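Given below, in the form of structure tokens, are the structures.
After this come two complexes, each holding subunit A, first together with subunit B and then together with subunit C.
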Partner chain A sequence: MTEENLLDKMAEFKTAIDQVKKYRKLAITMIDFVLIIVTSIILLLTLNIGVNILNLHGFDISSTILGLLPIFDIIILSVGVFTGIIFVNRKMNTVTTLQWKNTLDEGTPGVLKLLQETNWENIFSEIRYAKLGFALYGVLKIVTYWLISAFAFAVIAGFTFVNIFHFSFNIGSLWMVSFVFALVLNAKDLRNRYEQIGRLDSLLLEFRWFEREFRRTDFQA
Partner chain B sequence: MKKLYVLLVLIVLIATQIAILSSIYPISERGSSDASEPVTVFISKMNYASLRVKVDVTTWLDPAVLLFSNGTQIEIPASSTYTFSVVMPHNGFSFGSYNTQSRFMNLSDDHPINVEFLSNYTLNPYWELPSNEYVSSDSMYWFTVQGQANIAVMGIGAGF
Partner chain C sequence: MKGNSGEPISKPDLYVLARVIKTLKEKNKMNKTALSISTGLSYDRLIKYLDWMAKKGFIEFDVNNDVVLTKLGAETYDQLVKWILQYVGKVRFQKI
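Entry: the complex of A and B
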């Protein structure tokens, strides 16, 4: 293995590890994402219960406010989802990457130093964890898109199909349509995620091979 | 791990909120009476439930008469709307499950609030009212409209 090859391989390896670190951060941050979404659901339910109870106790709540309630619900849920996505992205951006660049610039001694510092078992565990977080985040994103689009479709269907055209609307078909809509919206993300998980799998295999090779290869400077 | 417990508490909170929200019932019932057939409107609820409705009685070309259960009567002029509110607060606790069905009252655990329109009802509903821990005389309100009119009962009820 020549020095150039070795440096390329090492750069590729460390870049992949940086990526895994980001995904691991994603897995850790996912619980915060769920907490943000759940809090927004609690807020919208509190608003609905509050308005209904005030109405029941004789406070004159105008029909305009009651009519706009589903739109407020969609706004609250959307704000929750976007806050969650921004929070997750910010947390992922706090992961420090390319810290190995200066060491790698030292050439073969730098590569050896980096390899000696590598905790292989820890890396394998991080890849598995990152895969889980990556997959679960994808599922969660689809479910939240599904919820928002179901709400939005219910409001649109209420205004158009029921009030204007006087069609009776089946709630089951509403869930089905919004699910397909959420899948279509996430189609690109879903494909990327599937490919990325496949790449993480092959990365795991490659690293195992790399670890074995490292233990037995004599590097030539 | 601490965040998972917070999540669990929030999920329990959501489940409770959904239970409360599903115990709130919008009420929107409409009917009409004509000169030959007076209509009696029965608003009933379980003792544990509460409701607040607004009643609109709109006359057309002729005046109509509104008769309340206490004997009071009001004449509504032609082409006008008379509006009044009915408030029936929670008036008792009851344990377990119950349902009662009669021509003026159709109540169950899933349907603790009911509005019925009956034509040519001449009896006193108190004679037909079941009296137990779930339903009492305070859980029912009725009025009769004589003459041609549209009647709308709209509001909100809750199973608590």
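Entry: the complex of A and C
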């Protein structure tokens, strides 16, 4: 291994840490994401309850508005999800990266400086947070897709089976179908997440080994 | 060990030592002012490090009082680089 290889390797090391920082940010931003989704659900429920209460109290609400209500629900939920995803991405992009580049340009002394300045405990904790955030975000994404597809299927089923064919449908099976649909839509994402969490785990192991070796070697001249 | 001013170095910064040795390896020998500029260290701080390094046998001063890297200094630096190359080389950083 040459000094050039060492610099490449160190750049990989620092890039991995930058990425971990981004994932950690994802874990923190998750609370905001949940709040945005919950707000859109509250808005959706308020709209539905409001329209139904007005309808019950004899206000003249046209059947068109009542019929379009589920579509409004889907729009509100979709806007909520879209806003949430954009918010999370923006927050992740605020993480400063490549701050180590100038130090690394100094060569081996720069590598030494970066290694000495590495707060290992902090990195281990960040990797754990990153894993949590990464997994939670995946779960939340599936749940959101599930909700949206359940609403969408309810609207489609309502129009086709009930209005046209005059069939009733089981609400349980509707939830089940929409859940499977959400899983199918997220299959690739799920696989990626699973692999990514595995990679974070092995990164944690590699760092732990390196940190132990680095500490064990007493560099005092 | 005493520096030219202030307290002597009790625990030298490995990064500073590496910078000084690397510069000396590249230039063979240097006067203190030029070395201070090359390494980006303040003159006072450099003197403290040079005192410490001279005591350890990593450098010596020639008749013109220029700083010269000794064989031991060069070997110590090479060993350090070798260690880093060996251990950092073993770590597999998966793209995440």
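Here is the rule we go by: the second predicted complex is superposed on the first by the 212 of 221 C-alpha atoms of A that agree within 3 Å, B and C clash if a C-alpha of one lies under 4 Å from a C-alpha of the other, contacts with A are read in each partner's own complex, and residues count from 1 in each chain.
The criterion applied here is as follows: a residue touches a chain if its C-beta (ideal position, glycine included) is under 8 Å from a C-beta of that chain, and two chains touch if they have at least 3 such contacts.
Only a predicted model underlies this, so the values are computations on that prediction, with no experimental measurement involved.
Undergrad: State whether subunit B and subunit C clash or fit side by side on subunit A once the two structures are superposed.
TA: They fit: once the shared chain is superposed, the two partners occupy separate space.
Undergrad: Between subunit B (first) and subunit C (second), which, if any, makes contact with A:Asp32: first, second, both or neither?
TA: Only subunit B is touched by A:Asp32; subunit C is not.
Undergrad: In the overlay, answer first, second, both or neither for which of subunit B and subunit C A:Gly58 touches.
TA: first
Undergrad: Report the partner of subunit A that touches more of its residues: subunit B or subunit C.
TA: C
Undergrad: Looking at A:Thr160 after the superposition, I want to know if it touches subunit B, subunit C, both of them or none. Which is it: first, second, both, neither?
TA: neither
Undergrad: Write the angle, vertex at the C-alpha centre of subunit A, between the C-alpha centres of subunit B and subunit C, to the nearest 10 degrees.
TA: Taking subunit A as the apex, subunit B and subunit C sit 160 degrees apart.
Undergrad: Please indicate which partner A:Asn192 is in contact with in the superposed arrangement: first for subunit B, second for subunit C, both, or neither.
TA: A:Asn192: touches no partner chain.
Undergrad: Quick one: classify A:Met10 as touching subunit B (first), subunit C (second), both or neither.
TA: So A:Met10 only meets subunit C here.
Undergrad: Is A:Asn48 touching anything from subunit B or subunit C once the two structures are fitted on A? First, second, both or neither.
TA: first
Undergrad: Could you state the shortest Cα distance, in Å, between subunit B and subunit C after the structures are superposed?
TA: The answer is 29 Å, the least C-alpha separation in the overlay.
Undergrad: Which subunit A residues are contacted by subunit C in one complex and by subunit B in the other?
TA: none
Undergrad: How about subunit C: which of its residues touch subunit A in the complex?
TA: 11-15, 17-19, 22, 56, 58, 76, 80-81, 83-96
Undergrad: Would you mind writing out the residues of subunit A in touch with subunit C in their complex?
TA: 1-3, 5-6, 9-10, 12-13, 15-16, 19-20, 23, 106-109, 111-113, 115-116, 196, 199-200, 202-203, 206-207, 209-210, 213-214, 217, 219-221
Undergrad: Which residues of subunit A touch subunit B in the complex?
TA: 31-32, 34-35, 38-39, 41-42, 45-46, 48-49, 52-53, 55-58
Undergrad: What does subunit B use to touch subunit A in their complex?
TA: Within the complex, subunit B contacts subunit A at residues 3-4, 6-7, 10-11, 13-14, 17-18, 20-21, 24, 50-52, 87, 155-158.
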